[in-house]
Amino acid sequence: MLLTLFGVSFLVFAAFEIIPGDPAISKLGTDATPEMIAALREQMGLNRPFIVRYFDWLGDCIRGDFGRSYSYNRTVISMIGDKLPITVTMTIISMLLVIAVSIPVALLLAKYMGSTIDRAGYISNQILMAVPSFFLGILITYIFGLTLRFFTPGGYISYRQNFAGFIGYLLAPSVAIAIPKCAMSVKLLRSAILEEWNKDYVRTAYSRGNSTMQVMYRHVLKNALIPLITFWGMAVADMIAGSIVVEQVFNIPGLGRILLTSISNRDYPVVEAIILLIAVVVIVMNLIVDILYRCIDPRISK
Amino acid sequence: MLLEIKNLTIEFHDHDRPERVVEDVSFSLDKGEILGIVGESGSGKSMTALAVAGLLPRKKMEKSGEILFEEKNLLTLPRHDLRGLQGDEISVIFQEPMTALNPTMKIGKQVEEALLLHRHMTDEERKAKVMEWLEKVELDDSERVYEAYPHELSGGMRQRVMIAAAMVSDPQILIADEPTTALDVTVQSQIIKLLLKINKDSGVSILFISHDLSLIKQITHNVIVMQKGRIVEQGDTDEIFLHPKEEYTKKLISSIPSVDLRK
Amino acid sequence: MAEDIIVKGTDVTVSFMNKVGNRKEKKTVLDGLDFDVRRGEILGLAGESGSGKSTLAKAVLGMVPLERGKIESEVTNPQMIFQDPYSSLNPAKTISWIMQEPLKLGKKKYSSEERLSKVEEMLCEVGLDAGYMQRKPGELSGGQRQRICIGTALMQAPGLLIADEPVSALDVTIQAQVLDLMREIHRKKKLTILFISHDLRTMYNFCDRVMILQKGKIVESGKPYDLYRDPKEPYTRLLLESAGII
Amino acid sequence: MAFIKSIKKIFNKYHGFNFNAGLVITGLIFIIALVGCFYTPYEPTAMNVSIRNTAPSLAHIFGCDDSGRDVFSRVMEGIRNTFFISTMTVLIGSGFGIILGAAAGYYGGKFDEILMRINDALFAFPSVLLALVIVSLLGPGFLNVTVALGIAFIPSFARIVRSGFKSQVNMDYVQSARLMGAGDLRIIFVHILPNILPVLMSSVMIGFNNAVLAEAGLSYLGIGVQPPRASLGLMLKDGQALLATAPWNALFPGMVIVLMVLGFALLSEGISEAS
């Protein structure tokens, strides 16, 4: 896990090293004299070898100091500090929604395997998987926001003022992010169950006198969850990407918005920091999923 | 007679034209008897065994004839009553020890399952019965095996666990569908000796399915030779091996590589 | 090497590291083996799973690095046939493509007509006919597929054919036919065969010499008749008893 | 030649419901995109203030947008751009993905280890985020987005191709091919590739599915296709502001995106079902 973290931070730093243009120039503006630029470069330590600057930058990041923003002359941490919890909360809510919805629905479908409900479930799954989360966000805003007035579109409530309102408002975007992943999870769990059903141990379970439901709950379900958990590990990264886009739909001041504004005005330290933070969040969440994986599948050596 | 099978016929209808897998099979199984069913792949030997165990695949099929056990016809018995017998009176062990056990469930839990379904016992009684049978199938360090997972055991040990799981509820009939095919020769003969010992000690009758004639000769009292779903010949094993009447039986016996050390 | 020996192994040792948990453990598969394969003989290699017999075959083919010892072989293009008929033929290709492949790859160049006629000729030799040319492996039975494997392996007229449990996945009657086919080819083409199996019964009538392998060591070897009559090593006796031979 | 023959064989042996449905939808959209190159009912960029935000009517099937442009024509151009970008993305992604995946899966060992480490690290970034980083380096725009998405899709293709090769490389027919003297390249492309074609085809379709989603996402964020060129994502973004008054501006492009993604998903489902 640490190795991946290390690799990721190196990739991020290297990516921003190859950017055309010199940070010192963009800071001082085009009419700065060469001497001023050289002095600033020296002061910012840009002349030190790449590796030294990398470890220096990494050291700062661990201490939470992501350097200073180019365009706002504030430390990066102050700009994104209060934004990170928003994106993380949204991703957690969507993750919980995926888990809470997909398992019962899949079980329901598994119970009626091959019936009309199963067929209908399969088709609606296909459609739900095909809807991009930001379009879903627009639909939710249109249906629940404008016509049914369940929530006021654009009425973001900061967690400082009213935590319940904050969570309430985040529900809609989280649903928009979660629905495609739920549909995918249901499809995956259903095909995993089908696959496990043909395995020998199911026949052994029947030979001992288990009913179909007993075979399902005592034997098949636990084994069918394994591929699903692997998928959840990978889905975390997609959900964060989804949250960046969905933030625009519900205009939530999360990491996504800051990332976009700093991309358009090439404020690289901010972009670098956000990308690194997102990668860390993804890796941490993958670790949690991995632990979940280990306690279900004993074959993975502890 | 413990088990009586009369004119059993099984025909699958899931492909375009119906496929007759078992045709007009009749035989009986006595208490304590070891009856072998031998035949090549596609002869219907496993399908006959699965019919007795009530494990026929759910495909569209036509079943006719009778499988009488304690005056009940297992072919037409409602699912609920059939489940009462499965694992209690009739148990099964399968060919692939590697895949026949649930990979994510502890061995102890899998062996005690038949008791859980068919007997009202406390946890301690159940564990004691399971440990008793883990020792009976000659598994050394049965305590460790109880807590272990299938992937931690060898093929031979897993097959012993399968036998323990099948015998824990003292069934009257044990169906062994090619139990040793996937095992090494040395392990194979140990499992065969174990089955013989269990048959002698507990008097369970065994329906032994195999394609290996030398194995059938070693272990069974009577044998049924099947080809393309039909019984070609049946009777006392030694008698059939000495004077096979049917052409197909002769061909089968002659294809066993004979090792004649006298010359 | 002596005139009639085509493959000679001295102190052949193979081991590999396998990961147990996060520790690396060295597992020795072949432990200081000395063996030789004589020209024109059928050498049986008997052993249970984990005895190292398949690794020895790979070592003879030079597909496995030796930790110690060496294998001298005068055979330029050894060929191999395998146990599982379903994975030994390329499922996406037709039989005629499969059997022409060795001719395309061999040193001698053949025109496409020559290749087709050689394939047809080989199909007859292995007891099949030209009708199989356009069919795919998926449509054939285990026995037919094994015959095609044998035919394909013989295309480059190999000096040595290694058969790794070629018949144990087949029905008894089919086994006998495939073994007869291999014996006939051995006689006609003076083909040296290294026959790997766990079934001592089959080896008795088929092999000229048998080597017993246990956990990477050669326990005993000799003519089947002598070996089976008075086995010197307890492991050999155990194998013979388990197979119901003695 | 054998390659094309096996693709033909694969196509004519599929007849499942999913495959046909997918083919119909994708075919329809492909035709619209093709027609869109030569003819669109109205000039996609022609503004006509007098018919601003008129509802869908016979003259303007999808209605008109805020500056009076015919939504249907813009959607046609949008489909064409999205289609082009996702095709390029899949080509770049699967091209490099096949080469890297085949090498890692076939050779294994050190190379496989290193490649998989890099792949896992890249998987920490969602492909949209990866594209964002690349676009922020190269700047927004049509070509940059295509390159960015292409690169962002390489890891997922490499992983699928690698597992496909890993499953085939230990098969006996590969070993006997080596014994006969077949070179590695011949084994990879002539022997193994046809056997993993179904897996490859369905992953290409899923690649299209994700590429369309990613392209729409990036253009929605305003860093994909730049105005005045039309793109479905961009139309969604502009349409969102008019949701209360003229919802068709957002709904129609959105639905077309869903149809495109659905078409590819069904195709991939059909292919993997039949193999």
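Order of writing sets the chain letters: A, B, C and D. Residues in each chain are counted from 1.
Convention: contacts are C-beta pairs under 8 Å (C-beta built on N, C-alpha and C of every residue); 3 or more make two chains touch, one makes a residue touch a chain.
Note that the structure is predicted; figures quoted are calculated from it, not measured.
Student: Give the chain pair that accounts for the most C-beta pairs in contact.
Tutor: A-D
Student: Using only Cα atoms to place each chain's centre, name the chain farthest from chain D.
Tutor: It is B.
Student: I'd like to verify one number: the distance from the centre of chain B to the centre of chain C, where each centre is the average of its C-alpha atoms, in whole angstrom.
Tutor: One centre to the other, that is 33 Å.
Student: Averaging only over C-alpha atoms, locate the centres of chain A and chain D and give their separation in whole Å.
Tutor: The separation of the two C-alpha centroids amounts to 21 Å.
Student: Any idea how many Å lie between the Cα centroids of chain A and chain B?
Tutor: Computed from C-alpha means, the inter-chain centre distance equals 52 Å.
Student: Give every residue of chain C touching chain B within the complex, in rising order.
Tutor: Touch list, chain C to chain B: 48-49, 171-173, 175-176, 198-202, 204-206, 225, 228-229, 238-239, 241-246.
Student: For chain D, which residues are in contact with chain A within the complex?
Tutor: 18, 117-118, 120-129, 132-133, 135-137, 140, 209, 213, 216-217, 220-223, 236-237, 239-240, 243-244, 247, 250-251, 254, 257-259, 261-262, 265-266, 269
Student: Residues of chain B touching chain A in their complex?
Tutor: Against chain A, chain B makes touches at 53, 55, 79, 83-88, 91-92, 94, 96, 99-105, 113-114, 117-118, 149, 151, 162, 165-166.
Student: In their shared complex, at which residues does chain C touch chain D?
Tutor: 61, 63, 77-82, 84, 87-93, 101-102, 105-106, 149, 152-153, 155-156
Student: Provide the residue numbers of chain B that touch chain C in the complex, in ascending order.
Tutor: On the chain B side, the touching residues are 40-41, 184-186, 188-189, 211-214, 217-218, 251-252, 255-259, 261.
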